[in-house]
Structure formats: C-alpha cells, structure tokens
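Naming follows writing order (A, B, C and D), and every chain is counted from residue 1.
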Amino acid sequence: MNGKNMTRLISLLLCLVLMTAGLGGCKKTSPSTGETNGATELLAEEGGTGGKGRFLETELPLPENIRRLYDTALLENGTIALFLWNDKENIYQIQETADEGESWKVRDIDLEAATEIFAGYIDTAAISADGTVGILSKNDDRLLLGLILPDGSVEKRELTLPDMENQEQDYALNITGSAFDAEGSLLIENLNSHFYKVDLTTGNCELLQDLEEKYIRHFGVAGNKVLAVAEGEAVLFDSTTGELLEEETVLNDMLAADSSLSETVSDSGKPLVFAGENGGEVIFYVNHQGLFCHTPGGSVSEQLINGSLTSMGDTTVSFLDLVMVDEEHFLLTAVGSQGEAKLLKYSYDKDAPSVPETELKVYALEDSSFLRQVISAYQKEHQDVYVNLQIGLSGDDGMTAEDAVRALNTDILAGSGPDVLILDGLPAEKYIEKGMLADISPVIEEIAGKDGIFENVRQAYDSDGAIYQFPARFYVSLVNGEEEAVEAGSSLKKLADFMTGKKTAGESKIFPMRSAENLLEKLYAADSAAWMESDGKLTEEAVKEYLSCAKQIYDAEPTESEDVYYSYGGMASDTIGTLDATGVALKTSKLNYGTIVSMTEFTTVYSMKSQYGIDYELADRETVKSFVPCQLAGISSQTEKSGEAEEFLQALLGAECGAYSFSGFPVNRTAYEEVVEDAANRYDEYSQGGIAVSTDEGDFFEMTFENPTPEELDKITGILESAEKPACMDRVIKEIVLEQGEKALKGDMTVEEAVSEIMKKCSLYLAE
Amino acid sequence: MNKFWAKAFVILLAVMLFFTVVSRAADSFLVAQVSVEPFTAKKIEHIVSAVASAEKGLEFPVMTEAGLLVRTVYVQEGEFVEAGTVLAEVDPEQLAETERDLRDEIRALQLQNEAAEQNQAAAREEKEKQKKRTQEDYERAQKKQEEALRRGEEELQQAEDAIDSFSAGGAEGMTQEEAETKKAELWQAYFEKKQALEDTEETMEEAVTAAARALEDASETGTADNSAEINALSIAQKEESLKAYEKLEEEGGKIMAETAGTVTGVLVQTGQKTTDTAAFTMTSTEGGARLSAEISKEDARYVEVGDAVTVEKSGTKYEDFSVTGIKQTEGGAAELTITSEEHAESFPMGESAEITVTKQSEVYNTAVPLAAVHTEQNSTYVYVAEQKSTVLGKQYFTRKVEVKILEKNSSYAALEDGVLNSENLIVTDSDTYLQAGDRVRLRQQ
Amino acid sequence: MTEKMKRKRTAERKTAAAGRICRRAIWICLKAIQIFFAVFMVSPLFFLVTGSIMGEAELSEYLSPVFTGQEGYACWRLIPLYPTLKNVVEVLFDSPEFFHMFWNTMKLTAGIILGQTFLAVPAAWGLARYSFFGKKAIYQMYLLLMMMPFQVMMLSEYLVLEGMGLNNTLWAVILPGVFSTFSVFLMYRFFLEVPEEILEAARVDGAGEMRMFLLVGLPLGRTGIVSALLLQFLECFSMIEQPIAFLKDKTLYPLSLYLPEIAMGQTGFAFCASLIALLPPLFLFLAGSDNLARGIAAGAVKL
Amino acid sequence: MKKKYTGYLFVLPHFSGVCLFLLLPFLDVVRRAFVRTAGGFCGFENFKLVLTNEAFRLAAGNTVKFTLVCLPLLLLLSLLLAVLVYSTGKAAGILKNCYLVPMAVPAACVALLWKLLFDSHGLVNGVAASLGGTPVDWMNTGSAFGVLVGSYLWKNTGYVMVLWIAALDGIPQTVYEAAEIDGAGRAAAFFYITLPCIRPAAFTIAVFSFLNSFKVFREAYLVAGNYPQESIYLLQHVFNNWFLSLSVDKMVAGAVLLALVAGAAVWALQRTLERQ
C-alpha cells in the first residue's frame, strides 16, 4: 500500500515539476538567445519568409558641419527641414531641401531679433508642418520660446510654467523635449517629466500631464498621441486633452524585454523614436531591431523593416527622429558612433528580394577591445557586411578554454564555423595540420606592399611560401637593470649563474618575482621559442635547461610570501612596465625581467634609463631571439566569404589600428611608425606623468616620464626587428610546463622528475 | 520512511523556491550600483580662479594756488575721500594779504594800459593822412599812363593806315623806285611808332608800379605795440587767481577734493607755502577698477586677453571685468590684469576679491565626466558597463577601456575619439570600488 | 540414565548456547563490517557538512597546503573550531544564479523522467514480454548504443539537433535523455523476471494487453522502473557534457555546471552548494530505496 | 498472433526516438570513421592510424586494465555486502540508505573531495605522515590508478549492492527451506541455489557496472584535466583530446572500435550468464 502511495506521490510531484518546467523553461526556448544569436535568428526569419518586397535604405546627403541636429521635419510643401547647430560657423541654422538633400538651403533668419534666443541654452527645438521652428531657450531663469517663421522673421515669447511651485524648481525650466502635434500645438516636457502645451501666440503654458513619478526618458508625438517612454513602460496620452490613454501592453512588453530601449538618452540620440499617422491611429517606431508599426489597442506590432538589414541594427547608431512620408517612405535621422549625423530614407521596393546581408563570423577565445575596434572600423567601411563576433570565453562563467574550443570545433565540424579566427589560445597548429586554415599569404603580401610589415614576423610564419596564421601584434621580453644584470639577461644560463653569484655574494633581492608561476611565465615568454624541433617534437634538453635555470633563479631569490603580492591587486604581472620596474631604482632588486607590450611601457623603461641609468636589452636565449605574437588571425578554409574575410584581415592588420591597443606592437610598419611617433611626442610641458613609490622602509622613488629619444626608439625597433621566432603558443604545452614547473620550483619534485613528467605528458599530447 | 523522504523532497523544493525569491531580492541590493552615461560632445570649460587684489587706478593731481601758507593738512596718503572732503587748509590772513597784493598789481597794470592807448590814437591819425596822399599819386600815375598809351596807339594806327592806303593805290603815278622808297619810308615810320608805343608802355608801367608801392607802404600800420594786450592778459590771469583766492577765502581757506578718490600723495606740508605743482595726488573713481592676480602657468594656458572675468567680493558678483593683460612672472607663473570701467569704489587699492575666468575649448566629440576617468601609473582608462549574458540572463559588467585624455578640467575630460563609441555606457559613479569585470547594476536616474 | 540424559542435555544446551554466542558474535562482526562500510560511504557527507559550516579562514588554514602548495599537509576537524553559517547564508541569500540553475536542472529532470515514464517503460515492457520480428535486433542495437561514450556521439548528435532546430533549448538535453537506452535495458531486465504464469492467468481472466501492462507489468516491474528512473534522476543532476555541448545560452545551464565553476577558491561555499545540490537526489533516492528491494519478490509471493 | 503487433505498439514510440536521437548520430559516427576530418573517403586509414597511435594504445590498455580490475572487484565486493546485509536481516534500511549516498554526490563535488584527499599535500598523506608512513603523490604516480579504482568502487558498490539484494529477494524462500530439509549447508545453499538464481541479474549488474566505469572519467577529468598521470589516461581522454584538436576522424574510428569491443564483451557476458 505504501508503495502505491509512493508512486502516486512521485507522479504528482513530477507533474508539478513539469508544470513549472512548461511554464518557465520551455517558454525560454523560443525567444532570442544571447547577443550574437539574436541577429542570426532574425536573418533566418527573413530568409524564411522568402518573398519579395523590402524597404531599402538610402542615405541622403546632409549639410556639412552639423554638430547637433535638433529636429527634422517634413513640411507640408514636401521640403525636409532641419534645425541644427553648425559648428564651423558656430551658428544655429535652419536648412531646407526640396530635393532630398541634393541641395540644402539655409533659411535667412533675422539674427538680430534672435540674439536673445540663441544666447540661451538650447536643448530642444521642434519644427511644425508649416515650417515654423520653435526653439526653447533657457537664459538664466527665463525660459524663452523663439519662433522662427517660414520667412525668417523671429518672434519671442517668454514662457511661464503654471505649476512651478509644485515641482523641483531647479529642473523645471530644463526643457528636455518638444514636438508639434498634428494640430500644430507645441508640446514640451521638462526634466521633471511635466508635459505642457504652449500657446504660441501668448506663450502661456498649460499643464497637460504630470508624469513625475515615472521617470520619462523621452517622448515622441505620433499624430495626436503622445508616447512617453519610461522604464519598461510606455505612457500614452492625448495631446489635446492630456487624457491618459489605455496602456499598450505590446509596447510595454517590448520596452521591458529590451532594457536598453529605455535607458539613457543623450544629446546624441535616443534608442527609440516615433512617428504617427492619422492622428495617431497608427504608431511607427524604430529601435535597433527595426521599424515597427503598431496600432494602439492591437496585440502585436508589425515589423516593417528588419533592423539587422539596415543601419538601424547598428547598435552604435542612435536615433533622432522618425518622419513618415507616406506608407512606403520613411525618413530617419540618426547619429553614428562618431557623432556624425545621418539622414536615412527608407522606401518600399516591392521587387527587392528580401536577401539577408552577408554575415562574417569572427571568433576569438577572449574578448579584446582591440578586436572590437577593428570590427567597428571594418563595419563602417563595409556596411553590407554584418560582423558577428563570437567570444569563446566570456570570463565570469565557469567555461574553460577547453569547453570553448570544444564548442568551436563542433561549430566548425557542423559547417557553421567562423570565417575569421583569432587563434590566440586555440590549437592553431592542429588546425593547420587538418587543413582548416586557408593560406593568407596574398593578404599579408598586399599589406607588406602597402604599409610594410615586420619582416622577421612574416618570415616566422611563412611555411613554404604559405601563411596560415598571422599576428596583428607582437611583443618581446626585455631585461633591464644594472649593467651586469642586463648582460646576464641575454641567456637563461647566464642569468641563473648571475643570480647564484649574487646569492653567494650574500645579496638578496635580486629578481622581483611574485610567485613561482609568475617567474615561470616570464621566462617562458622569452625561452619557449627554442623548444620545438622542426619535426614537432619537444626538445628535452631545452625544457630541462629552462626548468633548471628557473629553479636556480627561484632558489637564489628568497621569494617573499606570495600573499604580500596579492595586495598589489589585479595588476598584470609579467610585463616590464609594472611596479616591479621601480625595484631596480629603489635598490630592492638588481634587475627586472618581463615582456614589454607597448610603447607606453617603453616610455617607462626609457625614463628609467635616462634618469637612473638603468639600461635594457632583449631578454633571451642566446641561440634564438623570440617574440610573443598576439591577435593571431587566420581564415577558415571552409569559409564561403573569403573575400570579406580577407578584407577583415586587412582591417585587422591595417595601418589604422596602430593606436587601438596597448597590448603588443603592431606588425604593420605604418601603424608602428604612428605608435613611435606618438611615443616621441607624448609628454610636453603641459602633459606630464610619472611614478612615485615609497617603500615601507621609507625609501622614496620618483620618476617623471620622458619622451624616448629617436636613438632609443631606433634601439627598441631594432630589438623588435631582431626577434625571429614566436614563443611556443600551444596552450596545452604551456599549461603542462607551468604546472609541473611550479611543482619543481617549490620542491615537490625534482627538476628531473618534472622534466620527465612534462616530456611524458607532452609527448602524449603530441602523439595524439 | 518512504513517505518521510518524499515529504522531505517536497519541502526541499518549497524551500528552494522560497530562497530563489529571497536571493534574487537580496542580490539586487548587493551588486555595485553605478551611474552610467554615454559620452557627449562637449566644450571643455576651464575655470581659472584666483584671488586678486585691486591696484592703483589713474592718478590725478589736486592743485591749489601757489604761495599759500598751509595751515593744516587733513588727509593722509591712501585715504579714500569723498568729493568735497577738506584736504588741507591755508592760513586765511596770509591768504587775504596775498589777495590784496594781487589787487594792487592788477590796478597798476590797468593804469599803464590807459596811457598807452592815448599815444596810439595820435599815431593812427598821421598815418591815415599819408595814405590818402599816396593814393592820389597812384591814381594820377595811372591816368597818365593810360593817356600816353592811347596816344601811341593812335599814331601807330595812322602809320598803318598810311601803308594800307599806299598799297591800295597811293603808288599810282610813281615810279617803281619811288614807290619802293615811299613804301620803305612808310614802313620805317610804322616801326618807329610801334617802338615808341612800346617804350611808353614800359615807362608808364614803371610809374604806376612805383605809385602803387607808395600807396601800399602808406596803408601799412605803423609799428605794433602789444604791451597793452599783454597787460590785459596778465590782468585776466591775475583776476582769475584772485577769484580762486576769493573762492578759497569764501570757503575759509579749505582745499577740497573735487571728486571722490583715494589720496595717493600729499605734497604739501603744514607751515610751508604751496607750490605751483600739485598739492595732492589722488586716484579718482572715474578710471574704473583694476585688479591683478597671480595664476599658475597651467591656468595661464587657458586665459587670453579679452576674456570675461567674474569677480566676486563679499558675496557680490561683478560680471563686467575683462582680462587686459597677461604677464609672465618669474617662477613660471603669470600675472593677470583685470579691469572694469566701473566699480572703482568697490575696489580701492589693496582690496582683494575672487576672480574666475571661464574658458571654453573647442567642441570635443568624446567628453566624459572626470569622475569616470581613472588613472593608474601611466595608463588612463574608463569603465564601460556592458551587457553580458550570464546564467541569470543579461547583466551588466564593467570593462576597462584605455583612453587618452586630450583636455580636461575639474569636471570633464575630453578623450581621443575612436576608442569609445556612442553605445558605450561609461560608468561615472559607483557606490563601491570597481574593478574590471565586476557585475554592476545601473542606477535608476 | 537421567543423569546421563541430563548431562547430555546440559551439554547440548551448552553447545547450543555456545553456538548462539558464536552466531551472535559473527552477527555482530558482520554488522560491524557493514557499519564500517556504511560510515565509509557517507564520510563525504560529513566533509560536506563540516565544510559548509566552516569559515573561509579556517578552511584555508586547513587546506592551504592543497591549494597553494605550501609545505605540510591538509588536515580536517570533526567539528569546526569556529562554526559559522556564512556559507549557508551566502548560498541561500546571495546566489540567485544557484537557484536559477537549480530550477533549470529540475526542468531537465522533469522532462526526462516524464518522457521515460511514458516512452521507455512501455518500450521495455514490449521488448520483455512480446516476441516480434526484429526484437532481437532492436535489443542488440540498444545494447550497442549504450556503449557509445558521449564525447564520440556529441558531434553527430549536435548535427541532428541542429537540424531539428533544438540546439540551445532545454529540449536538446531532454530529448536524447528521454531516449537513453540504458533505462530501457534496465527495466527490460526486470520485466523479464515477471513470471509468465501471472500474465497467462491475467489473460485467462480476459485482461487486455494494455490493462495487463498497467495492472500487472507496472506493479511487478516496479523495482526496475524505480531503479532506472532514480538512476536517471541522478544522471540529470550530474550532467556536464551535454549541457555544455548543446546549450549556448547560459540562462539555460543546469546546476551541475555551477559546481565546477565554484570549486576552487571558495571551498566553503562550494561545500555548501554541493551539499544543497546533493539533497534532492538523495531524498528521492531514500524515498525510493525500499522499492528497490521489494518489487519482484513481493509480487511473486502474492500470487 | 496479435501479441506480435502489441509488442510493436509498446516499443515503437521509444524506438523511433532512439532512431532519431541515437541511431542516426551513431550511423553518422560510423560514416565519419571512414572519412577524413576535412572530408574525403579514406577507407580503413583512420583505423590504421588509430591502432598505431601510441596515445590510443596506451589509453585502450588502461581502459581494459581498469575494466578488468574494477568489474570483478565491484561485483564481488557488492555481492558480499549484499549477502551480508541480506542475511543480517531486513531491518538494514538505514545502512542500506547509507550505501546509496555516494551515488548521489555530484561529480564536481567528488572531484573536490578527491583533490583534498589525494593531493600530495592532501589529507590522506597527512594521516599517513602522522602515522609514520611515507607520503605518496597519489595523482602523479601509478597510484592514481588505485585512486581511480577506489573511487569507482566507492561510488558504485552501494547501488550495485542494492541491485544484488533485489535479485536475492527474488529467490523464493521456499527453495532455501527445501534445501535445508535436504541437509544442504549454508555454503552449499549459496553456491548451488543463490548463485545460479542470481545469474541473470548478474548480467544486468555487470552491464550496469561496465557502463558506469565510463563515468569515472568525469572525476578523473575534473581532478587531473586532459593529461592526467599516464596510468589513468583513459580512452575518453583520448577521444576528448582528439575532438579538441579536430582529429574527429581518429576519434570516431576509435569509438567504433570501442563499440565493437564493448559489444562483443557484452555479448560474451550475455552468453555466459544467461545460459541457464
């Protein structure tokens, strides 16, 4: 009996669980899934519907020198009018065009009459259908409405708000938005989210709505309906009566679903804009997903334009105004990522096939701002291509590099792999071996011809005339310190002997190291290039020498308790320009060893030299001079978009990207020269920098940064040019070496044991 | 047993559900709340402020009549005086005496003048007569000349006529030879007459000129005698002095400031006589206010001549000052001179006030609040809040973006374009210490 | 005689007593062995519990040799020196993601268990009790498919799921789970044990095939069903590869992926989270354990 | 017979799902075994590659060794316990429940404990050191194999025991009573009654144990990563690593070999254990 009850209970339970699952979980399965996938889905939808007919985007010319576009309107007579700030002539202008931007005409304004208005602070302006421009100007404690009539004459009204005492006085006169409704009345909203209707003849304001308790981000007028966007909510009210209208759940849902829509509004645009038709019977709105048409009371919004097929989908663009010309034509003003204004026209073409744009998938294991900038630069050049950046390791989740590689491989094998791969941390050698990477030597050749390229790097990646991967940036290891130490830095063995010599001489504090791992990593960057034999095997002697030297160095330096270093916080630890650098000057160490990843760091190194006489040199094994590549790029051999992929590679390796990153020197010579140029002129009497450190013992160290001299810049360039072989970038080998090496350094096993363990594991790996 | 554990399982689920809600609620309190905003295009405002002190204004002298004995000096150097303030007092008796002397002098001069006037009238009569005579001579000479000329012309005419008539037929009946001779005679006569006329003309001209000269000489006045006029001037001057003395006497010998201002120099001393140079020097309020302030070299970069300056003194703001000079001083600093056409009374010399120069840069595309910019060693960066998808859906995390500052002031920094884009939400404020990769919640604005 | 008898009886009694004592001793011995094993088996729970109420400082003191490679050896305490509920509070109050993932796991589990109940159980019954063409082949195929490691099948499975548009939805994990052949195999084995006579008897009584399955098959094969489903439940709670392979959207991740994430560094927290994560399957296990043993015997005895 | 079709009705829904979600991928796997990663039929080349691959041979050897050590150990140990528990009375509920606990502990948690216990500075070494023993670096020497076996036994003994008990339960008490009357001793009863009776169950249990031996990989992987100590470098490690380096061709060939061998082993087991 018991058993029967049990069964029932269990099944009941399971039903319950299933219900929760049904309600919660399975709903999740349909909507979009993560940043990058959203776009692809939309593309898929578009492809699915197949048919013909699409709104096509054309960019209309705008007048030059627009700093800020206040309002755009389509006048009754069909001209497009703009109210803007021209930052070349430093004046406000009304510009009009009757021929879709082919020619723009500046309206003559009675400037004398307008002086007072233009002298105030203008945050918003609106253009009515007859061409009257209403400008809200705040001048001290006065709020003026300037009306510039179509003939250029100017009228002034002083506005007084009826309910000043009921609101925060400081903000009341800050008018954040204005618009004309279908009947030609001017509506304004202040920072307290009070909406007023302005009598144009007298300047009297009538409070229409007080939405202070909702934080209204911005509003738009669609016919006679005012749509105010609050957080996760759209408030609709009538522009004539001020009466609140029924909530539009569809709009609310849309706003709630995408929090970015109700977020920040800046001078440079809004995430969502509106237009209306038939007195607001139909509301059109634009967000990054596209242009939608919504009938109030309706249960869905219809998507008219798919954002991802136009510039609407570019999330760096923000919108200013949507103007409906007719059902088949829309005008949209927007601001691009660099603050440039755009006037876009959308016209329905019933014959245009709804073809999705090309999507270029770029994969990187780790995110980098460098890559993001390259992408945005590329995207700007190639608007018809949609670059989908896929990041393997987003950071905070428990995803390991392996999981990411596994997912990537699955994609590659499933035929939906990326077109361009950033190979840092990926098993690049294996990919090449499997023929998964295409030969990119023509691209490299082209760049070498155009901008020049570090030949040593090119040669390092040239395998029988073909290049399968190529770094966009690279860096080297440096040693700096006392003369003797710098001398010793040229080889691990010498360095180890130097350390032992110092130790027997009774000196301590020679080599700054945070931990065994830190030391191993520093040495790895400089030494590992020499390990791999040409047949792909690991040289045991090389590993042994590396490890025994590391051990010798580690033993010679009484490492401070590792906890001490944790207090420095999350600073990059194996680069040379960090706090460790000050040690030599402070006499807390004899040398500093580490990678130099940017000119900024070189400035530090140079300043040390010029002010403290601390010289520097390439840190290396004598036989092989090595560099560390980063942002290694390759093109998938499976890609169908090799043209776009190559163009992307060009952008990645291009001359423009020199200043984008602070990690690594650009391989592109032109970009490198730019970096050098910048470093040579970075500091002047007005802009200065420096380091000041005081130790617990009370020693004080201070250094101001100096611009490196041309000779020194030549020296570092020479060092960079001399590096001939990339460090061993194989993640697995590096992990194995560091893991076992740490044990050896800490004395858990002997160096010999560690080396044999490393060799065993690595040969397993290499044998697979 | 079975049931027990089954129940336990159900209760466990319930507990989990409860804590699901609780932890979500708790979570929202614990995550760092940050304010974000995208960058804006901005002019970077540099506010240079300093404490300035008022300088000397334009100086002018206060004169008084010379030679007066100063009995009392009432003001000291640096004192501010209103118009009408007594600056010093002279000895009234000495004043009266000086006055008397002056009157006597004037009388003497007047008498001198009367005598001189009579002599001059007689000389004028004589001259008039002489002039008349010369005039007559001149007219006569002229008449004579005209007569002589007329006569000469007539004779010449006759000779000419004779030639004409001879040529027309007078030669009939004469031999060629005779005719030739006659003709030659006639021409001879003609030329003689013409010569005679010319001679007469010349002599008569001379005579007339001589007469005209005589007339001219006669009409000239005789030697000029200005002494009377000089005396008159001297009298006027003295009378004026007298008037001043009288006025001074009326006022009881008090030297007063005509306008308000600061006394900058006292040049008279009690018991000594005034000189003809100034008795006092003063700066008037008419010249406006003039301040100077020392600012750092850094600040000096942003200030230019002509910039408007706001001056604030004990709660009052003055807007109509402007920078009229910038001078490098030793030690790398700079000295500003600021003037206004008014307000001198508010800024007597040495008075100090706070000045502010607000200067706007060109418009930078990428400006962020300075609070958003962090500096660590020689790298400068901002945190950008970015959405990432996590287990709990999309959440914001901070990302470090290295930037380069082009210009900054105490509240905004302009960054190099291109590193940030308009979609980036820049963290401007956080309630806890942030690190790259921290999860954050956007603060409700 | 009587004396003899008596002596004999005493002797007998003595040997009997000795035997009893001996048996008793053996019994105690055996019991002790069992108890030893049992303690050995649950010892991890003890670690989890003490670890959960230990402060991070105390834990790192004990365990730092392991995590930082310092000299010396890790040690442990039966009862923490400074017990604290900090970890518990942290898990329960400060980790919404823990709960989110927990419910994801529950969704997966519910889907798989329900699917198996409705699909795998009949399939096992059908395979066990009916003979039809291809039965042997199907059975062998199931056996073979059971043997394939997931790593190998992953790519191909991924492609199939991709083709059906299921990737990145919970269904991508649920559906392959529902069709796990091992459950069928297990239940099949148990259904085999149901004596044919009982079915014949039922058939004679005029029961339909469906009725027979529901009224005879299910109760008699309960052990198999419960053990298979319990195993499946456990499997759901420790699935790692499948979600990583088929789910990209992190909001869909189950709890089993949360634990590897937190494992190092926050030991106390990890202990506590593990402990809580362990409870649901444990409770269900305990709830079902009686069923595991009884099943067939009980059914067999009844008839 | 109508029985025939009823059988289909019961099996078909599940079977179709299996076809879709398991068989189809499996066939794809088999297909790939004859194709290079980058495409192109290559016959048995992949198999050749795999069989000559050192890493694969090492791993296969380890896996076989592991299975051969573990399975008998597990079956015997759990049977012993089952008989013990069974014979010492049915009130062994609590004890039995205790045995089930290891099954419920999540793999990640096991891995964490494993690390704590068997690290070279771990608890086990600590105890050993305090008792005067020599510490062993468990995870980096051959003893890793022992640890793996131990953890497998620890995890599975309880559950397998419960399965044994179920089987023991299934033997009618009357058989034992009859034997007792015939004068058979306990040992005889065990060998002549119990063992034969539980032989079919033994097959189920063996298969279950065999499958679970694959799952040890999870713990091994979580503790020691992709390249553990040689002796616990299992087939799954190889497969996993091959996938990471895109050597899918080798991976699937290896897997097909594995399936063949495992299938054959199961078949052999079935023959020996199911023959009544």
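Here is the rule we go by: a residue touches a chain if its C-beta (ideal position, glycine included) is under 8 Å from a C-beta of that chain, and two chains touch if they have at least 3 such contacts.
Keep in mind the model is a prediction, meaning the values are calculated, not measured.
C-beta contact counts were set side by side for A-D and C-D; C-D has more.
Ranked by how close its mean Cα position lies to the mean of all protein Cα atoms, the top chain is A.
Chain A and chain D have Cα centroids lying 49 Å from one another. Separation between the centroids of chain C and chain D, computed from CA atoms only, is 14 Å. Centre-to-centre separation of chain B and chain D, using mean CA positions: 104 Å.
We define each chain's centre as the mean of its Cα atoms; on that basis chain B and chain C are separated by 100 Å. Residue positions of chain C touching 2 or more other chains: 69, 103, 106, 154-155, 159, 249-251, 253, 258, 260, 286-288, 290-291, 294.
For chain A, residues that reach two or more other chains under the stated contact definition are 2-3, 6, 10, 17, 34, 397, 406, 413, 748.
Under the contact definition stated at the top, the residues of chain B that touch 2 or more other chains are 1-3, 6, 9, 13, 389-391. Interchain contacts (touch definition given at top) occur between A-B, A-C, A-D, B-C, C-D.
Put simply, chain A touches chain D in their complex at residues 402, 405-406, 409, 412-413, 427, 430-431, 434-436, 637, 732, 735-736, 748-749, 757, 760-761, 764-765, 767-768.
Those residues of chain A whose C-beta lies close enough to touch chain B in the complex are 2-3, 5-6, 9-10, 13, 17, 34-35, 67-68, 87, 215, 231, 259-260, 263-264, 266-269, 315-318, 335-339, 369, 373, 376, 394-397, 569-570, 577-579, 600, 603-604, 659-660, 662, 686, 689-691, 705. Interface of chain D with chain C (complex): residues 2-11, 13-15, 17-18, 20-26, 28-29, 32, 81, 84-85, 87-88, 92-113, 115-116, 119, 121-123, 125-126, 129, 135, 154, 157-159, 162-163, 165-166, 169-170, 172, 200-201, 203-204, 207-208, 211, 214, 217-218, 222, 235-236, 239-240, 243, 248, 251-252, 254-255, 258-259, 262-263, 266-267. Chain contact summary for the complex, chain C toward chain A: residues 68-69, 103-104, 106-107, 109-111, 113-114, 117, 154-155, 158-159, 162, 168-171, 222, 244-245, 248-253, 257-258, 260-262, 287-288, 290-291, 294.
Within the complex formed with chain C, the chain A residues making contact are 2-3, 6-7, 10-11, 14, 17-18, 20-21, 24-26, 28-29, 33-34, 37, 397-399, 403, 406-407, 410, 413-414, 416, 562, 742-743, 746, 748.
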